[in-house]
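Presented sequentially are two complexes of subunit A, the first with subunit B as partner and the second with subunit C.
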Partner chain A sequence: MKIQYDTKKNLAERIFLLEILKGLGLTLKRLFSKSVTIQYPKERKELFPGFRGKHALIRDPKTQDTRCVACMRCATVCPARCISIRFSVDEKTRARKVESYEIDALRCIFCGYCEEVCPVNAVVLTEEYEYSNYTREPFHFDMERLLKNWDEFLEKNKVDPDQYRNPFLRPRGLSIGDLPVGKRIDVPEEWTLEGQVIWKDGKAVSAKDAVSE
Partner chain B sequence: MELLWILIKILIVFAVVMFHVMYATYFERKVIGHMQVRMGPMRVGPHGILQPIADGLKLFFKEDIIPTVADRKVFYAAPLICLISALSAVAVVPFFEGFAIANINIGILYIFAMSSLASYGVVLAGWSSNSKYSFLGGLRSSAQVISYEVAMGLSLVGVMMLSGSLNLTDIVHAQMKSPFKIYLIPQIIGFFVFVIAMFAETNRTPFDLPEAESELVAGYCTEYSGMRFALFFMAEYIGMIVMSCLAVVCFLGGWSGPFDVPGIPFFWFLIKVYFFIFVYYWVRATLPRYRYDQLMALGWKVLIPLALLNIVLTGIIKSMFG
Partner chain C sequence: MPENKAESKEIVREEVAYEPYTIAMGPQHPATHGVLKLDLELDGETILNCKPTVGFLHRGVEKLAENLSYAQTLPLTDRLDYIASMANNVAYSIAVEKLLGIEVPMRAKYIRTIVMEMARLTGHLLWLATHALDIGAMTVFLYCFRERENLLDMFEEICGARLTTSYTCVGGVRQDVTGHFLEALHAFTDDFPSKIAEYETLIDKNRIWLKRTQGVGIVSAKDAVSLGLTGPTLRGSGVDYDVRKHMPYDAYPYVDFEVPIGSKGDVYDRYRCRMEEMHQSNSIIRQCIEALPTGPIRSPDAPDIVMPYGEQKRVAADATFASGVIKLMKDNEHYIDGDVYVSAEVPKGELGFYFVSDGRGVPYRMHIRSPSYIHIGALPFLCKGQMVADVIAIIGSVDVVLGECDR
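Coming up: the complex of A and B.
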């Protein structure tokens, strides 16, 4: 096999270095284009829904406590095993009560499985991402800290807890019957099975049609 | 009185050149930044306008590190050789009518001599650092400068033939009297060779092999730090300015322009020099580095024959029409 390092050029291209001139033209054009830099502390990138940031336990507006029912699904699904839960069982009603809920954020890989699998939408990854620190200690979230994370997130971003929606709280493209009761919340049309559009065989089709086929 | 006037001239030119060096670094970062769809320095002052001052302060207060195995005397001398030879070359540049620190008859030769001396600084820095990167950088620099010095000298022979002088002021005057007003048109081949040799002579991209940061760390100035490094840096930028001035004086008619700007006799000169400096940045943002053998092939097999051809053509034209 002959490798052609130097592409064939005609006489004009050889003498007047047309390729170099083309390159110079491109850089000159770019000189007058708008730069893509985001001046970070002053400007911030707009986050998409479903951004996986700092962990929080949603504080239920009614009980002012976590919704967690200690089903252990999040701890089971977690690929990094960063969630550890202890619970007690009521002797009479056999109901579980969470004793402690801990997330080691330094082990977390931010896959979002925990919030996706949670049947009562108790654990969530908020859009907060600026929480670097100098020691490991602040990254070990206990239940109190996780609830506080939620409060801080609401306060900082002026979010109404009843209106907060995140694609993991109701996974997209599933019919309402496939979801646990706690995840049957109102979401924008395009998140539902009927409204979601997916790409299949080079065509944009409704997710529902794609599933029924 | 004469001496005092010369001293004042030196002071003015030194201050102006140093100011230009400061802001050449700033504009280089800005221009290349915007060409790469970035912003360049933005934090120190509005749009980073005070960045050169911050850089200068930082370099000034940095620790001066000298390798234990370095040849100390040569190590100290090398950046000074670079800077002094670059600065002395500015002395013969005529900025406007009747303003040159030294209006000597061998102006072009003097600039060549000084730019060759500057390469001694590079070679000695490479040798005295006692480091393989510096050594390779110095080695490449000597080969490169020797090869391109020849082409550069030959490319200007055409200009000397047309103007009949080596004095830079006389060359500008001769251009004003010539039919095209500038030597760019009759000397287009010479100009082409000169511009390429100019890039190589100042060790700028695409011929920045002596400092090739992706292969040689920083080439000959790898082991230098703080103010000594800054001296090399300044020498490089002064070299760029001197070469741009030389190009303007020899090919673009020096301080003459399409119309006179009242009160600012050096207006056109500055505009033309800025254009060349911009071209330096422009080319740096566009072209990758030449390979060593390509560099040598270009210098010896293309530029020198072209320059010789230019001399022959100029001679024929001169004997027919002049």
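Coming up: the complex of A and C.
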């Protein structure tokens, strides 16, 4: 497709600077329209679930401890290699117990692979993004600190830990059979493979509804 | 290097011993779009020679990839062209899929096409904003960022980050789209042509804009091809080459769009090309939303993805005992022994990934053919014989991103 354009100006346009006046008219019109600026410290943008922010280890409501089973998936998949885990193995049961779980947040590139591979939904990137500091030390999260991050996140955002849903804990659009047991949590219907959305008659509808009609 | 007309302009100075004046433009210059350094040899205001220096943002992505699995390298591609990282994710994924011989499900293809075109819009909007700001049009900058912000918010909804998206995975995409996302994006495409009209009202016929762009940085079709230009920079010179049309990938064979082509090859033509491309991208997004099929979002036979899937699931079930995922990531049987080059049309031009694989789970060598690097190589040709102020317009019009150039 050859682009057609004409930049020639007729006499009136040349004399009266019409194109400049048109531009000024547009900016004048915008002066009276609603502002789109968010006055940051005063107002805050509402984040979508699944924003990859500050790290946390989910505190299990039953045991009041981490769910981590030291499977080492997160430490293996991490491209920045910022997760280090030490664990001990019970001689009798061969069960692993996590001794220490450390995340170096300054190395982290926030790809979200760790929370996606975690088979028991232990590690999560919370929707918390304001944690700047003057020194490096506070960014070295050990297990205690990570659990505290979770508590702080719940408290600050008034989230019920049972109701907290993050698309990385149960990736949207995967069938339930493909998920490890720990990741088969209840999610909105839209997030499941059966309830995935398509476009029909000018709005997004669930594919299931579209077929049944 | 092809000959340039302006080169023949001889400088005659009598009596005074003449020496060209050299100034360093950058690396900390607001109009070089990052850390590009240009050593300009000047005769008064006229440029005799221009020598780009690159590498200030080198992070060694290609070398890092040799020690990371294919899935692990994907987040690094966000950091190449960081203003349209979705496009890099898609380009990287289709390259690895070719290496592995994976067919991607239809729904994933359509979603990828949508995000790729959204990335093109974010890229072109930022290009127009900064290009106009460099030339002196402040208002366009603000208006473009208004729309770009909406697109970034939509990225955040589907993948959890505005810039470092890491949205695709080898064999599909990591998350399905939501209904809210589709509705927001459809509403955006309804509005967007009128926004483009706004930008055009401000600068299209503005006499300052025309004076700064028309007849500046001319590159003929023949020279453009021999300099290796791609993307809108090449199409502005009138060469019909678009990877989306000529080597279609993802859902591009199923959508209807046209490739805008300029004629003169000056800065204004490249500007017009990109503006027209935004209209086309807008139409592609609309078509893809309306034709979005149902089905899985990840290919069942994709190995080396983050979440063990399909056949891989059984292997991974042993994870708590024998580190199944570690086994998976070192799983070699899927990788061919050979090399593959796949390119995709990103906002800047043709982004290619070249893998040499020796059959292991990590590439033996990954090479990135980044359009910005090659476009910076064309700057000496484009700048020769122009004025210093025109260098700004030329850098803007070839649209370089230093993250991708230095990688």
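Note that in this section the second predicted complex is superposed on the first by the 191 of 213 C-alpha atoms of A that agree within 3 Å, B and C clash if a C-alpha of one lies under 4 Å from a C-alpha of the other, contacts with A are read in each partner's own complex, and residues count from 1 in each chain.
One rule holds in what follows: a contact is a pair of C-beta atoms (placed from the backbone, for glycine too) under 8 Å apart; a residue touches a chain by one contact, two chains touch by 3 or more.
Values in this document were obtained by computation on a predicted structure and should not be read as measured data.
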- Message: By the touch definition at the top of the document, which applies to A:Lys92: first (subunit B), second (subunit C), both, or neither?
- Response: neither
- Residue contacts on subunit A - larger count, subunit B or subunit C: C
- Query: Is A:Lys62 in contact with subunit B, with subunit C, with both, or with neither (first, second, both, neither)?
  - Reply: neither
- Query: Regarding the shared-chain residue A:Ala204, is it in contact with subunit B (first), subunit C (second), both, or neither?
  - Reply: second
- Taking the superposition as given, does A:Lys158 touch the first partner, subunit B, the second, subunit C, both, or neither? neither
- Message: Between subunit B and subunit C, whom does A:Ser33 touch in the aligned arrangement: first, second, both, or neither?
- Response: first
- Task: Using the superposition on chain A described above, determine whether A:Gly23 touches subunit B (first), subunit C (second), both, or neither.
- Result: both
- Message: Considering only the contact definition stated at the top, list the common interface residues of subunit A for subunit B and subunit C.
- Response: 20, 23, 26-27, 30, 36
- Write out the stretch or stretches of subunit C touching subunit A in their complex. 68, 71-76, 107, 139, 143, 146, 149, 153, 156-157, 159-161, 164, 166, 174-180, 182-183, 186, 198, 201-207, 210, 214, 258-263, 268-269, 272-273, 276, 289-294, 296-298, 306-307, 309-310, 313, 316-317, 319-321, 323, 325-326, 329
- Query: Which part of subunit B faces subunit A closely enough to touch in the complex?
  - Reply: 31, 33-39, 42, 282-283, 285-287
- Query: Residues of subunit A touching subunit C in their complex?
  - Reply: 1-3, 5, 7, 9, 13, 17, 19-20, 22-23, 26-27, 30, 36, 45, 47-48, 50-52, 69, 71-73, 76-79, 94, 96, 109-113, 116-117, 119, 125, 167-168, 171-175, 178-180, 190-191, 193, 196-199, 203-207
- What residues on subunit A touch subunit B, complex-wise? 20, 23-24, 26-28, 30-37, 39
